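Quick one: the structure is below, and I'll ask about it shortly.
Think of it as A, B, C, D, E and F in the order they're written, each chain with its own count starting at 1.
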Amino acid sequence: MPHYERILITGAAGRLGSELRKGLAPLTKTVRLAGRTPFGELAPHEEEAVFDLADMDATIAATEGCDAIVHFGGAALESPWQAVLDSNIRGSYHIYEGARKHGVRRVIYASSVHAIGFHGIEDHIGVDAPVRPDSLYGVSKNFVESLSRLYWDKFGIESVCLRIFSSFPEPKDRRMLWSYLSFADCVRLVEASLTAPWVGHTISFGLSDNKVKTVDNSGADHLGYIPRDSSEPFRAAVEANTPTPDPKSPSVKYLGGWFCELGHPDDPK
Amino acid sequence: MPHYERILITGAAGRLGSELRKGLAPLTKTVRLAGRTPFGELAPHEEEAVFDLADMDATIAATEGCDAIVHFGGAALESPWQAVLDSNIRGSYHIYEGARKHGVRRVIYASSVHAIGFHGIEDHIGVDAPVRPDSLYGVSKNFVESLSRLYWDKFGIESVCLRIFSSFPEPKDRRMLWSYLSFADCVRLVEASLTAPWVGHTISFGLSDNKVKTVDNSGADHLGYIPRDSSEPFRAAVEANTPTPDPKSPSVKYLGGWFCELGHPDDPK
Amino acid sequence: MPHYERILITGAAGRLGSELRKGLAPLTKTVRLAGRTPFGELAPHEEEAVFDLADMDATIAATEGCDAIVHFGGAALESPWQAVLDSNIRGSYHIYEGARKHGVRRVIYASSVHAIGFHGIEDHIGVDAPVRPDSLYGVSKNFVESLSRLYWDKFGIESVCLRIFSSFPEPKDRRMLWSYLSFADCVRLVEASLTAPWVGHTISFGLSDNKVKTVDNSGADHLGYIPRDSSEPFRAAVEANTPTPDPKSPSVKYLGGWFCELGHPDDPK
Amino acid sequence: MPHYERILITGAAGRLGSELRKGLAPLTKTVRLAGRTPFGELAPHEEEAVFDLADMDATIAATEGCDAIVHFGGAALESPWQAVLDSNIRGSYHIYEGARKHGVRRVIYASSVHAIGFHGIEDHIGVDAPVRPDSLYGVSKNFVESLSRLYWDKFGIESVCLRIFSSFPEPKDRRMLWSYLSFADCVRLVEASLTAPWVGHTISFGLSDNKVKTVDNSGADHLGYIPRDSSEPFRAAVEANTPTPDPKSPSVKYLGGWFCELGHPDDPK
Amino acid sequence: MPHYERILITGAAGRLGSELRKGLAPLTKTVRLAGRTPFGELAPHEEEAVFDLADMDATIAATEGCDAIVHFGGAALESPWQAVLDSNIRGSYHIYEGARKHGVRRVIYASSVHAIGFHGIEDHIGVDAPVRPDSLYGVSKNFVESLSRLYWDKFGIESVCLRIFSSFPEPKDRRMLWSYLSFADCVRLVEASLTAPWVGHTISFGLSDNKVKTVDNSGADHLGYIPRDSSEPFRAAVEANTPTPDPKSPSVKYLGGWFCELGHPDDPK
Amino acid sequence: MPHYERILITGAAGRLGSELRKGLAPLTKTVRLAGRTPFGELAPHEEEAVFDLADMDATIAATEGCDAIVHFGGAALESPWQAVLDSNIRGSYHIYEGARKHGVRRVIYASSVHAIGFHGIEDHIGVDAPVRPDSLYGVSKNFVESLSRLYWDKFGIESVCLRIFSSFPEPKDRRMLWSYLSFADCVRLVEASLTAPWVGHTISFGLSDNKVKTVDNSGADHLGYIPRDSSEPFRAAVEANTPTPDPKSPSVKYLGGWFCELGHPDDPK
């Protein structure tokens, strides 16, 4: 007996969205896949909604009939201001307005390590540390974390904001030895967020069970997320292929990694 | 070689007392079972003490010859003031006076989640959070936590106050997915409390290793309690049999659950 | 225009109660003085209620028609258990039941430093530190702090628990150089507690503006209490009349002072 | 010898902007007043810049030649989303881009209590507490707090975000007994923010020295702000003219006051 | 009636020692001035002890007959390792051995901001923050802070370690606007340390009441130190004579100031 | 492919040094063994350096050509001051000067529980708790922790300070039930310290995965140390062979154990 009638997944054609499309199927009768272009062949439990997040009416319409939203859409890297504004800030506002207008119970949002990227490894921050964005992208994540807090406190819509670190097929550099989130663990984390008895407004880091740990996620222990993967199998290869890092470099000592050394996205290269 | 000569178990005929009667036998040469009515047939290592906790002299007498007390007696639910006063407040005072007068080394006390029931899940409190009782019952637990602190600081009697959450044969509602303490883990917790090298005055939450965690018990890590059970095997059944909870309801967002919504026990129903 | 229609003052014949009887008059149309014996001549704005706090019905009756209670009655020093139980534990329960049954808006309670007397000066505790009673008297203060928390969280009755340190005409020993609360400041503190826009359930230390400060009262800053007195004018005399203390002695290093070195009140002297 | 060559004041025609226009004159050779309509007669040290904050090019152009910006422009109350987006989110981004492109050293930003309005009085939060916006207006304040943090960490532009509570000619209700910021203290606070030796990225509450204190501003003590006013002279009048508040009401127990009880600004009334 | 029979002041010929020589006279019958060369004419209440702190026997001998030591001797700036070792590390050990062997009750030690110089202004550290020395000089201060803690915990000798910031006749740069400690306040601080009823082992920052505050000294509030001076009268002159600082520079953002940018003292210049 | 070209191990002939000599071999091309006497037969990947740590020139010379130092040399117990000074304080300074002069990247230092031995079990301290040495030995550990912090903050040399509890072949008393660090886990801990991607300046406790936990090591989670051993297999034997401890005794309630009850090492026995 699935937990939900219909889950809307935004960004469903993306790297993580594709994994969630498969992984969340057991939790719901219907999955509504959202993206900017059609998805092609759909499974019987799937339906699609094609629209741009910057379009308020279309976005709100796409949330109708859903009791949960897994909001992974929008720009996934540092991007020019206009893109950040349209896809991440305005787009996410549209999603929350849809949730409010159509009575969606719970929203799971793909926030990012870049929301707190300028904190140091040394600080071992918890989920309630002050924000330290490392990019306009990170600022937009803070915006949605704030917005979703309002929608919980004032309108009673539950949200989980997942600060995903590095979710890739495998770790590619030494930072990913601690920032790695396997695809399978990413699905587990969203699943836990969707099924926990109570979430209110929860911020959680998104990490596999890597040996090296740089943050304290205990403030999200009520999600019931238990990672099963680790960067350890990839360690030898990573160490062989990457140089010893300079421990004083911002990209090494701060959580955000190389984002901390990016310039402004609207500056000429 | 058992740790103790004689352990007194109060409430030994109760739901948890019966489990402890069996489970603690290896730790002691003799178990003295305390209750308000006779226990019937006793094992060779058992003896009984029949009295009412409200009777100071009888209670003190029952502690003679014991080097540990496992105090699980008294009212186990919200109750009228007179019952709370006699069984939990006065009765526990009598137990501690017995411990002081007869040189009992260590007392393990069944406190309760209801001592801090009005804290929210969101707060992830530790064991030293300010008290937030959700009932007269919870107030009486705070009383004994305070009293036992005095008996440690001033009289050198060690105590462990176990804030037991939901110790039942199995979880029955969605809150118990995180509040469940199996009988076997309850016995393990009392056993750890009795055998830890040092406890001084310790407050510990009493929970199994449920996936969803709502409190931080690290302040009691010196007990050496390692739970082995979990609510997970019961999850599917619980979710099938209980409705989706309202996340804004006091009984859902506060640790104390439905106790938070009870009226005053002396009011007419 | 006074803040209250009728304030009940318990312990109104006591050392502090006498001061409050005078000092609180401007805040209320009527003062109801409570004590175990008649008060003799009364002012026009005064009325009396003579009863024993251990008498539930009489105590509840005495609260009728009041919109605030200043509860300074009960045993004011370490006392035998039966006295602590009757006057402080049962008596205070009766007061809160009166408040609940008769719709009293706010209760100001004389708690005590002895509720946290086994904390050290070194710790600079705040008002939310775990309890550390130094006496049965202190345990009874913890009981009422817990009980009043319940009556706020569940029944909506506001309370301020004032942990009064040393309120005497003048400091008499070196500890009082930091523990002194002048009578005038005591009245100011109760006045602030009665007139602050919101108190919910507040615990506050009760101290004058002594130079030496041993606790952090910032958690009660919403009371708006501004002390105007200090132990400083008495310093020279105190230092001349008292020996240099032993810094390792419990009565010197702990907040509770000589209470920390008292034995059990029911033991033969 | 003034601290600055040219300070840009946005919102210079507003309630607080008008005060700052007068009060900050001693700190700078030239004040550039920004608003949506011309200012009429200007003093010799004044110049004006008329533009809409939603116009990126015009806003950036207006920052040229300035070494400090006092950004008090934008929507000052809960407003429809489009207004919040254009004036507060996009407008503030334009201001920071101007600062970055034209080498402005320091920005003083009018954030608001509504950035953390859903925290309770009881919590006595500090400046680094997690955000709890009480309105779309509050969310936009969080956005700029995040954005300005990025511009400090990555681009080296110092900012002070002033969470102004209630800055009016005088306190009008009981909440303002603790939330009051006099106009003169508001000017003092901005002046301190402009002249402190180092601010990096600082968040500060904006309050007068009211007796009742509900937050802990010590994290901004490096600004050197010393308030000189208080709500106390207005207390009697306020108490006479306003009813006793209900302590369980959101508008009473939360910092944000009546904003906490507003609905969504885009809903029909 | 003075507090002490005989106070030993080391470094009594130094900048601060000279002030203490005068200022502490009322507290003691006899002042013993310690230095490496004779002091010339002495007042009737004065006596001298001429020795090198690196000489263990001489140092211990100099403490005989004293009931307090004000230890301000040793290298007062970053110095070559051998000087730091002999004067600050070995010399202070000799002082504490003298205190232990001759029953000295209390030691007041001139520690320094350089013991925690690599903490940032932004952190607003308290007195119990982890050490962050900015120099070998600072490391030696940490050594004595650790040593004196041992001598309290194990041998019962009370100590106050004063982390003096910038004690000069007047502030000379913008950092000193917040780091200034007037000579008169320095004397007040030592006087408070000598006369507080209990100090145990206390670490305190040493600062005047400057408007700009960068650290939290509340952990030392039991000293009863009330500063009366401020850098404010010197502000205009300082601002006129010094350039605007670069907020990203270590000497500006860290507490230790220019010490943070010094190289190793044994390196060739 | 080993992580290091050449690791210098000081104290390589000691109890733990011998284990590290074997255990660290896979991490480096060459191990340079340091001790006061020759090591006898060496393996092909080994070389030796024979010198006294008190000899600055010899010590600095021994660090040449190394890219890591595992500094386990010096006095390993409470010792007379001169030995602590020469071997632990001066010797460690020489090691760090060698690291600075020869560009060593990372130093792993054997600090000790005795650096914080006077903290109580009850406190569950983290790695950033204030120091509480229980011996001159412990003070010397604090010295090196401070010195290494300076060498990181100012000179960019990474360090890990391992506060080793009780590293012996097996637990011998009840305290070791929680203070035990197996030899194999000790090697794992040093290995993790040498291979973690970033350590900056890290302080870590050194403990096996004992059931009873008395400290919170989460501040060192970025080392990636996963213990695999426990005192549990030895529990029955320990309990059988040792008496029940007195819970009020310093050697039982403080982390440092019997060191807390030692006198001064230079006193006659």
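In this text, a contact is a pair of C-beta atoms (placed from the backbone, for glycine too) under 8 Å apart; a residue touches a chain by one contact, two chains touch by 3 or more.
Fair warning: this is a prediction, and the values are worked out from it, not measured in the lab.
Asks: Among all the other chains, which ones are in touch with both chain A and chain B?
Replies: The common neighbours are F.
Asks: Fitting the CA atoms of chain B to chain F, what rotation angle results, rounded to the nearest 5 degrees?
Replies: 120
Asks: Between B-C, A-B or E-F, which repeats the contact pattern of C-D in over half of its pairs?
Replies: Within B-C, A-B or E-F, the interface duplicating C-D belongs to A-B.
Asks: Centroid of chain A to centroid of chain F, CA atoms only: how many Å?
Replies: The mean C-alpha positions of chain A and chain F differ by 41 Å.
Asks: Between chain A and chain C, what's the gap in Å when you average each chain's C-alpha atoms?
Replies: 52
Asks: At least two other chains touched by the same residue of chain E: list those residues.
Replies: Not one residue of chain E touches more than one other chain, so the list is empty.
Asks: If we use the touch criterion from the header, which chain pairs count as touching?
Replies: Chains touch in the following pairs: A-B, A-D, A-F, B-C, B-F, C-D, C-E, D-E, E-F.
Asks: State the interface residues of chain C toward chain B in the complex, per the touch definition above.
Replies: 81, 85, 89-90, 93, 100, 118, 128, 130-136, 138-139, 142-143, 145-147, 149-150, 153-155, 260, 264, 266
Asks: Could you please specify the touching residues of chain D with respect to chain E in the complex?
Replies: Within the complex, chain D contacts chain E at residues 1, 3, 105, 156, 158, 192, 195-202, 218-219, 221-226.
Asks: Please give the residue numbers of chain D that touch chain C in the complex, ascending.
Replies: Chain D residues touching chain C: 120-122, 124, 174-175, 177-178, 210-214, 216, 239-240, 244-245, 247-248, 252-253.
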